[in-house]
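Below are structures written as structure tokens.
In what comes next, subunit A is part of two complexes: it sits with subunit B in the first one and with subunit C in the second one.
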Partner chain A sequence: MDFADISPKLTMLVYGLVAFAVVVGGLLLLLDVVPTYFARRRERQLLAVAAGDAPAPPAGYVRKPREFGYAIFFLLPVIVLLLIGLVVPVIRTLLLSLKSGDGTEWVGLDNYGWMFSNSDILGVLWNSLLWVVLVPLVATSVGLLYAVMVDRARFEAVAKSLIFLPMAISFVGASIIWRFVYAYRGEEQDQIGLLNQIVVWLGGTPKQWLLDSPLNTLLLIVVMVWIQAGFAMVILSAAIKAIPGDIVEAARLDGVTAWQMFWRITLPSIRPALIVVIVAITVATMKIFDIVRTMTNGNYDTNVIALEMYNQAFRYQETGQGSALAVFLFILVIPIVVFQIRNLRQQREG
Partner chain B sequence: MAVFPRRRQAIVIATVVGLALSATACGDDSDSGSGSNGSSAECSAFDKYDGNDGKKVKIYASIRDAEADLLEQSWKQFTDCTGIEIDYEGSGEFEAQLQVLVDGGNAPDIAFIPQPGLLGTFAKAGKLKPAPADTKTSAEANYPADWLKYGTVDGTFYGAPLGSNVKSFVWYSPKTFQEKGYTVPKTWDELIALSDKIAQGGDKPWCAGIESGDATGWPATDWIEDIMLRDQSPEVYDQWVTHQIPFNDPKVAAAVDRAGTILKNDKYVNAGFGPVKSISTTSFQEAGLPILENKCYLHRQASFYANQWPQGTKVAEDGDVFAFYFPAVDPSKGEPVLAAGEFTAAFADRPEVQAVQNYLATPEYANSRAKLGNWVSGSKGADINNFANPIDKLSVQILQDQSKVLRFDGSDLMPSAVGAGTFWKGMVEWINGKDTASVLSGIQSSWK
Partner chain C sequence: MATTTPVLPGVTAEPLPKTVAGRVRKRLNTRMATVISILIAVLWTVPTFGLFISSLRPEQAIKTTGWWTFFSDPKLTLENYNEVLFGQSASSGQLANYFVNSLVITIPSVLFPVAFAAMAAYALSWIQFRGREWVYIGIFALQIVPLQMALVPLLSFFSRGVSLGGITLMPAWQLEDEQKFIQVWFAHTCFALPFAVFLLHNFVSQLPGELMEAARVDGASHPKIFRTIVLPLITPALASLTIFQFLWVWNDLLVALIFAGGGDETAPLTVRLAELAGTRGNEWQRLTSGAFVSIVIPLIVFLSLQRYFVRGLLTGSVKG
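On to the complex of A and B.
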């Protein structure tokens, strides 16, 4: 590669680093200078009081507004970014979902009516439901089972990295790999797909796996589980390791079976981690896009909300219908987020 | 909270300032190599575009990689002589991204739009600038009126044609045809007779594939369009693509069923891949390759399929593979040609943008691009000897042939929700066994 080609990018990188240093450095500096300034002032005032020159300043009085000012100062960038990045787009999407495809006239709830009456879109919603129910359930169970089984086993590190490795592959990469696994060639030809080759070895005839609904959606779900099980396993394994040794020992002394140990000790102890994992995987599954787009492009009745939303809004220029789908997806995510926040709060209080 | 000692503070400040200074020093060396040398003899041809030295024109299109390199090479002399700097960007997500760019106020100066439907959307939204007079004059002098109407919206001419490709081709192996004593069919009946002959010998004659990532289904829509033109008249074709007749009109159904006599015939397809349904999972890139292994004899695909053959394959009338014109059902009604191509549409009307537009519409540009190879143009001013590749040459001959009836790829003329949505998806379902009537009425209901 020519240096001239990459030099603008390097300059950009340097700019980025400088901007980062300025902002973060500036904040740290402020964090340092401002409290010192106030501390010094208070020190001087206290000294003055001690010397008997001035009346004592009220102790709790100055603290409050200053802390409020701090909070505003540090929250402001976040609030501004949230406003531009989240709140405004949400409102705009909401408005767009009430407009026609080209965004010129108001159509009321027509786009939502279309969503729940069009048989294709209903199929899309059912597929999404299948994803959201199956992926968190299967991925978390597999991850948990694996984490419990390899815990303190002989080759734990190796066994764990085997399951964790798929996490390092992008969804698109994983989809391409699995498309080869499901690939089909006619009976008279050599199979290039692993699954069909196995079928042929077992004496069956090769099948076009990705064509038949609903089997094809299940086969796509396998890809997601393959990726996410590693994530579940790592988090849950760490949680299992963090169970206090004395609880486990006490249980052992009481003579629990392995079964009881799992249900009475392990599971309740890792409950917070379990919830985090399930919520994270559920949200990731709701947004699933790449796997379906890469493997079937939503054909053969495998389409899901996020992909259909993209197609409607950006490929078919039906922004109204696309926005309606986006709003629906947004509404679906809200209960999960609320649940997660409440859960976090309970944990903090408990 | 930890309180830093004073000295460390000084170091932090010094570092930050130092970094900032060095960055500005680096940023200064922006290249300014636009020096015009418009005086030399080679450049005299570009005199009429003078006066835009150092100006920038941003072009956005779907053409990428090697093709994009050739594109940039093709206007190099123009940019060198005029001093206009062309900033070209190709994107695989062109259609979706162009909309985003235009909506966001970041429209490119010029876009090469391959879908007249999309061009019409932008024109009607008032985003496009009408083509300058010189562009219009050279376009009218070099392209048939049938073709120019695809760059015209409500009587205003916006886009001059750029590259083209011919879709009405059937790929075959001249070598195999000679060995087996087959002749290139000249009529539809001969084509079917040949297919039957091959099928009787125990081989499947046709291979096809419509998988194409997020555009899966498009090769099947080309089949339907090509047969629409043959089964019906070009006038009915125009009514169909402009929705003057419904999508599930019996005339359309007849054409789809005729396509089905080949595509959904288990005796005919899918050579080298499997049963009919394997068409939907076979990628269009590899669909024709069994021809090289003598497993498949006929593959209907556009001229650009020439790029898909592995290196060392001789693409010529006496070579390993070549293509013949997809024959007409009734040649007495004229020979229809399905074609596609890009149009240069401008979102700005600055003088340098118009200069580029004017240049791209000239036969000089067409010849400059043609000499670099791997390109087809319908421009009458393009010299046939500049097209080295035999299939490109054949395509140009077909496009320049006045007796042929030229029509644009219909799915590119329809609204994108249909032409790049339900039509594609409908064809996938059709290949997978859904009946013609319900597929067509499904597409009809999506066309608002």
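On to the complex of A and C.
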């Protein structure tokens, strides 16, 4: 690497930082200058009213437009970017899913028909279902179990950090870590993958783990569980610590057993946190892409919706079919959106 | 034994743990609980540890023996790192280049959404205007739109511009080589905003109303309140969001694949690593050290700022 390679990149970085300073600084400056103008105008109006030249404005008339003006400028960058980057693209993707691969002809629901009749795609949907069922279930269970086990234990902070650490690792990095665990060498050689070595120690024969379906999908799911369990653990652990002591005390005086305590006190008390964790992990799992792409590239029957969407839209240039897959993904998420919004509203009112 | 909890005589002589979990743990066989938690901790740590040890072993050793033999036959080398970062041949990683790309992508992709979201969160909390609730709900709902829904049209927005009924409203951006950073920043910023606004709104809306009211009475304008009162008070929240967004952008593969392309001018570490894993899946001396090059920065950030990260997670998810 020499400086000639990186200097254009650093130049771009400087441009980016200057743009940031200009946009954000400029906006705040504008917001300081414009109101001064409005304040002067209002002063003039008040003077006119005082002199009896103009009718008095109705109460609140002056205040509201000013507030609205501020709101527009404070929200402007977010609204514009969301319109360009999300709202309009979502609508266009909906339309594209009704068009042919090159986006020139309307084909009605053909792309959706293709999705549910093509046996490859049905396999993809089946795999995705497996992911969405197993990952939230296992990751949340492990997280909950661990949160309960290490609560108030010695070394609690260290123990939690160990489980939590994979959250900082990219899916690509995690995939490489686990590919190394699953690595295979012929029977006559020394194994370099931990899993095969354990099999050998136990007297079995080493195996190419990532070739056999559906076992390979399960092994990919392990990677996602490995990453998400820490997230579940942190949130649930905080929820457990927040359970009021007097409830526990009352239950204890009633002489409940540990099992009863867990099922009747702990679980109901952390229910909101549990829902949040399951929803968040489910949504993340639906969109899983990096792990499958890095581990097997979707070969050997491990493909999932998000990777197939990427392949259709960006490798085969079949934007119609790719968009249909994206829309399908979106439709799967909608019930969760509705559920979350209702939750939010209840909490705001409650 | 001293205990603060009232103990009925004859029930138990032990001090009782005060939390539910503590009691569950106590009643389940304590030794069993310890064994399970140690087992989980080991299971969660060993894969990373094995990769790390391997990245420091000579190529020949990695390829022929398991990393656990390191303890009986320790040989250490930094050659893998040197090769994967600075090696000149096309087959070596040349990761130093991609490391710079990751940095150039990440810094603006973090700054823009954090600043914009802070302003929006303030407006949605403390400026009275009609339809405020609906704007917020709208942004909140966008949070769960899968990225996949936006990728194809957003890419064509850059590469073909916008035209409506044959009239060109915006020409294609025609970004080349290093200029492609712009579209990566743009995409990351757009995709980050719904969550960023949501997270900051949780903090900003809970600031004491009397504070704003007092400032208003003193004649402070909204920008002044935003800069001098709100921003200093939400610094921890900004820190949380910054860490989130940093980890998200640094670790992202999908957005980078589509908007940065695969060339060494713009592609970040994740793209290069995925490529190495695909084409040179058995070159473990490069994959192990390469993986660690990509992991080390987020790991440092994460470990040193874990407090803020956890706080952000809790506010971001439990309250909404």
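We take it that the second predicted complex is superposed on the first by the 265 of 350 C-alpha atoms of A that agree within 3 Å, B and C clash if a C-alpha of one lies under 4 Å from a C-alpha of the other, contacts with A are read in each partner's own complex, and residues count from 1 in each chain.
Operating definition for what follows: a contact is a pair of C-beta atoms (placed from the backbone, for glycine too) under 8 Å apart; a residue touches a chain by one contact, two chains touch by 3 or more.
For clarity, every value in this text was computed on a predicted model and none was experimentally measured.
Contact with subunit C, but none with subunit B, is seen for A:Ile169 once the two complexes are overlaid on the shared chain. Judged by the touch definition given at the top, the superposed model places A:Leu28 against both subunit B and subunit C. When the shared chain is aligned, subunit B comes close enough to touch A:Val18, but subunit C does not.
When the shared chain is aligned, subunit B comes close enough to touch A:Arg315, but subunit C does not.
Using the contact criterion defined above for the overlaid structures, shared-chain residue A:Arg293 touches subunit B and also reaches subunit C.
Put simply, more of the residues of subunit A are touched by C, taking subunit B and subunit C as the two choices.
Of the two partner chains placed by superposition, only subunit C is touched by A:Val327; subunit B is not. Of the two partner chains placed by the overlay, neither subunit B nor subunit C lies in contact with A:Thr282. Using the contact criterion defined above for the overlaid structures, shared-chain residue A:Glu187 touches subunit B, although it does not reach subunit C. Residues 10-11, 17, 28, 31-32, 35, 189, 293-294, 297, 314 of subunit A are contacted both by subunit B in one complex and by subunit C in the other. Those residues of subunit B lying in contact with subunit A across their complex are 1, 3-4, 9, 12-13, 15-16, 19-20, 22-23, 26-27, 29, 31, 95-96, 99-100, 121, 125, 213-214, 216-217, 270, 272-275, 277-278, 280-281, 415-417, 420-421, 425, 428, 432, 448. Those residues of subunit A lying in contact with subunit B across their complex are 4, 7, 10-11, 14-15, 17-18, 21-22, 25-26, 28-29, 31-33, 35-36, 39, 101-102, 184-187, 189, 208, 210-211, 293-294, 297-300, 311-312, 314-318.
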